[in-house]
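Naming follows writing order (A, B, C and D), and every chain is counted from residue 1.
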Amino acid sequence: MSDDDLRHAVLRANLDCVNHGLVVSTFGNASGIDRAAGRILIKPSGVPYDRLSAGDMVACDLDGRALDNRLRPSSDLQTHAVLYRAFPGIGGVVHTHSTYATIMAQARRPIPCLGTTHADYFHGTIPVTRDLTPDEIARDYVLMTGEVIAETFAALDPLAIPAVLVAGHGPFVWGRTPDEAAHNALILEEVARMAWHCMVLDPAPQPITQALLDRHYLRKHGAGATYGQGQP
Amino acid sequence: MSDDDLRHAVLRANLDCVNHGLVVSTFGNASGIDRAAGRILIKPSGVPYDRLSAGDMVACDLDGRALDNRLRPSSDLQTHAVLYRAFPGIGGVVHTHSTYATIMAQARRPIPCLGTTHADYFHGTIPVTRDLTPDEIARDYVLMTGEVIAETFAALDPLAIPAVLVAGHGPFVWGRTPDEAAHNALILEEVARMAWHCMVLDPAPQPITQALLDRHYLRKHGAGATYGQGQP
Amino acid sequence: MSDDDLRHAVLRANLDCVNHGLVVSTFGNASGIDRAAGRILIKPSGVPYDRLSAGDMVACDLDGRALDNRLRPSSDLQTHAVLYRAFPGIGGVVHTHSTYATIMAQARRPIPCLGTTHADYFHGTIPVTRDLTPDEIARDYVLMTGEVIAETFAALDPLAIPAVLVAGHGPFVWGRTPDEAAHNALILEEVARMAWHCMVLDPAPQPITQALLDRHYLRKHGAGATYGQGQP
Amino acid sequence: MSDDDLRHAVLRANLDCVNHGLVVSTFGNASGIDRAAGRILIKPSGVPYDRLSAGDMVACDLDGRALDNRLRPSSDLQTHAVLYRAFPGIGGVVHTHSTYATIMAQARRPIPCLGTTHADYFHGTIPVTRDLTPDEIARDYVLMTGEVIAETFAALDPLAIPAVLVAGHGPFVWGRTPDEAAHNALILEEVARMAWHCMVLDPAPQPITQALLDRHYLRKHGAGATYGQGQP
């Protein structure tokens, strides 16, 4: 993907989050990475969405240092950078404050797999991070947010469960591309909405069986995928 | 109904589900049947809704075999085919992941008739299927989804209760035509939304009386119907 | 008000209910009355809202007999007619299946005055009717729906509390004009939405004081009204 | 800010509240103040939002006396005036009946800081006023509404917590400018929506740590702010 294509993909991921109602005010940011070039492109900080252009996306290296000086990158850049370093298979990261995912993050409730909508995208429970300690917050809050996500995924496959709820904060979502990350963020919000409603009827709702989870997840992912029009 | 009319009816049913907000992403499909010709027309798999045309609807026989090779049919085709075989009176089937109907399917809560909105369309409780066994899922998941629906209706009239909640999955809805199936899917979502809210106030809410259920259902259905402008 | 003005007011009340999202499908109807002429104008039955014109409104007498034969009146006409006979001060009636008002009707929960939004329009608790008996339903269901509303208001002022929840069915709302009835239906929905949410947090929420209820209600109604730009 | 600029800012704050869905019917009002001139500009009472112009904003002095006679000011003017006198640092006040903030006001539930969305704007719990006494309501209801807000903030910094829930009524929100007040009202509604949902899952949800609250609040406010593109 050319730099220009990636710039447009990152812009599109940012705008998709807004157009799907996942972002309140300017609370959200999307990024993408060119692994070969070691370059992250991310939304600039605090710029209104209706004025964003592809050229505004800020180029940074994998350590989160801006490569040009025109606009300041999103204040969450260091979290994105940690995720790109910790999860080598991902190509896009999205952070939103979408309503139900944020509610579950605030309530510190992992989202069990209660249905096939969830199973089509997330191969198991979507976890919640532990709280950051006051010391971690004081030392380097944004970076440590990334580190606590990586810690949460120590025994999980980030491509099989491409989202996390940061305790008391909100969701970070990723994918192989910025477009996929934004799409996963939309599905996460719907999955969180349904899980919240199920938990209100039943505080410990029954997950679907492992057989059904596997059937749906593997229908859309991996070598045996049977969904869609296939590859040309 | 001509093949062309049915193609347009199936397209319209698919688009109605999207336009009424019953479908997230591409999670939905509608079909119709020409009983005389033994032909099902169904949405192709994974094609974005804004590019669907009537000509894209995939023709299949009642065993669910595609009759042409251009586009792959919806991955849920075999479920639709079972329903057409099991319920001879129906002419259209719709599957959505609409929010509240899916919540009730995930929570495995049948929807009792709590009000006249329900009674105008569904002559009693909308049932939930049992879970599929791991063996059924492994053997032929999509077909068995249809079979478990048919099993659920062993003692029910599918035209009097034109919807089911598949446990851990979501609703399947039908009608005498694709248009009616899509309309029933819209009403089901509203009925599910209201039932969920009633159950939160009262875990075992009181259904309406049989007399009121009959009065409303029969007002719109059967020989004594008094609703609308009548037939010319 | 001329016949033509009333026709347009009734059409407008019907369309306002749709445009404010109070009506699902064709589940709703609004009417108005010319008391001097003894004429009710009401929406025809089952006609799609986007094709309604002022000329389609069906003229009936106070006994609910259609005065012309072009279109069949709303199937709820007899309920409207009872209300016009029982409540001499009202000039418009609206029936919707708006989501939260219908939920409260299904749950048979009167809506206590929990806040000033309620108090600005409804001078006390919005009541729920008793259930109709099977006998009443069999005898004359639509008419008896009106009678049970009138019975509910035996000791209430229908202009001070211009709405009722019919048990297991939905709201009927009225006002001095069709426009006011439609506006009251919109406020009722918002009041019901907020009451439902309060009752979920606290099953027996605390109403506002009588002093606050009186202050808000009387600010907008009666001789001492201080709201708005006054009369020219 | 010129009188004309302030008129437009006040108009914009009023319209922003409507466009963000915070206002039902005409239940809302926004004002701004020119501290140097001792002049408040406020929305006129009961004028439909789609006809409001900047020139319609009513000029009043700090005692809430209208300075011209064309239009009657919002019936809530005296509450605004008390807030401008009690909180010298504020430049705009907004009153809405936005759904979730009003629900929390009706339920008399202070909103604890459950997440970083809250922490970015409100440096701690958003309080609820005590109920007004019947005597206070009878004496001077609108003025006393302002006084009870001021009393609630006796030990709080109104610029660090720029909102209050008036018991049984709804939110008043403020800021350094009318635009900021309207923006804070939008964030309050989202924060209230999420808090309500958290409280349904857990009646006493766990607030975020003081360290996280401080980190987020101070990131956007005060000398150490690091968010946005900085000042030219």
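As a convention for this text, a residue touches a chain if its C-beta (ideal position, glycine included) is under 8 Å from a C-beta of that chain, and two chains touch if they have at least 3 such contacts.
For each chain, UniProt lists the protein as follows: A, B, C, D = L-ribulose-5-phosphate 4-epimerase.
As the structure is a prediction and not an experimental result, all values here were calculated from the model.
Q: Determine the set of chains touching chain B that also touch chain C.
A: none
Q: Counting one step for each move to a touching chain, how far apart are chain B and chain D?
A: 2
Q: Measuring centre to centre, with centres taken as mean CA positions, what chain is farthest from chain D?
A: Centre of mass proxy via C-alpha means gives B as farthest from chain D.
Q: Rounded to the nearest 5 degrees, what angle rotates chain C onto chain D on CA?
A: 90
Q: Would you kindly state whether over half or under half of the residue numbers at the chain A/chain D interface are used by both copies, giving same or different?
A: different
Q: As a quick test, compute the distance in whole Å between the mean CA positions of chain A and chain B.
A: 33
Q: Need the CA-centroid distance for the pair chain A / chain C, whole Å please.
A: About 47 Å, centre to centre.
Q: Among the residues of chain D, which ones contact at least 2 other chains?
A: Residue numbers touching two or more other chains: 200.
Q: Which two-chain combinations qualify as touching?
A: The list of touching pairs comes to A-B, A-D, B-C, C-D.
Q: Going by the contact rule at the top, pick out the chain B residues touching chain A in the complex.
A: Listed in rising order, the residues of chain B that touch chain A are 24-25, 27, 44-47, 71-72, 75, 97, 99-100, 102-103, 105-109, 131-134, 137-138, 141, 168-170, 196, 199-200.
Q: Please give the residue numbers of chain B that touch chain C in the complex, ascending.
A: Touch residues, chain B against chain C: 114-117, 120, 183, 186-187, 190, 193-194, 197-198, 200-202, 205-206, 208-212, 215, 219, 226-230.
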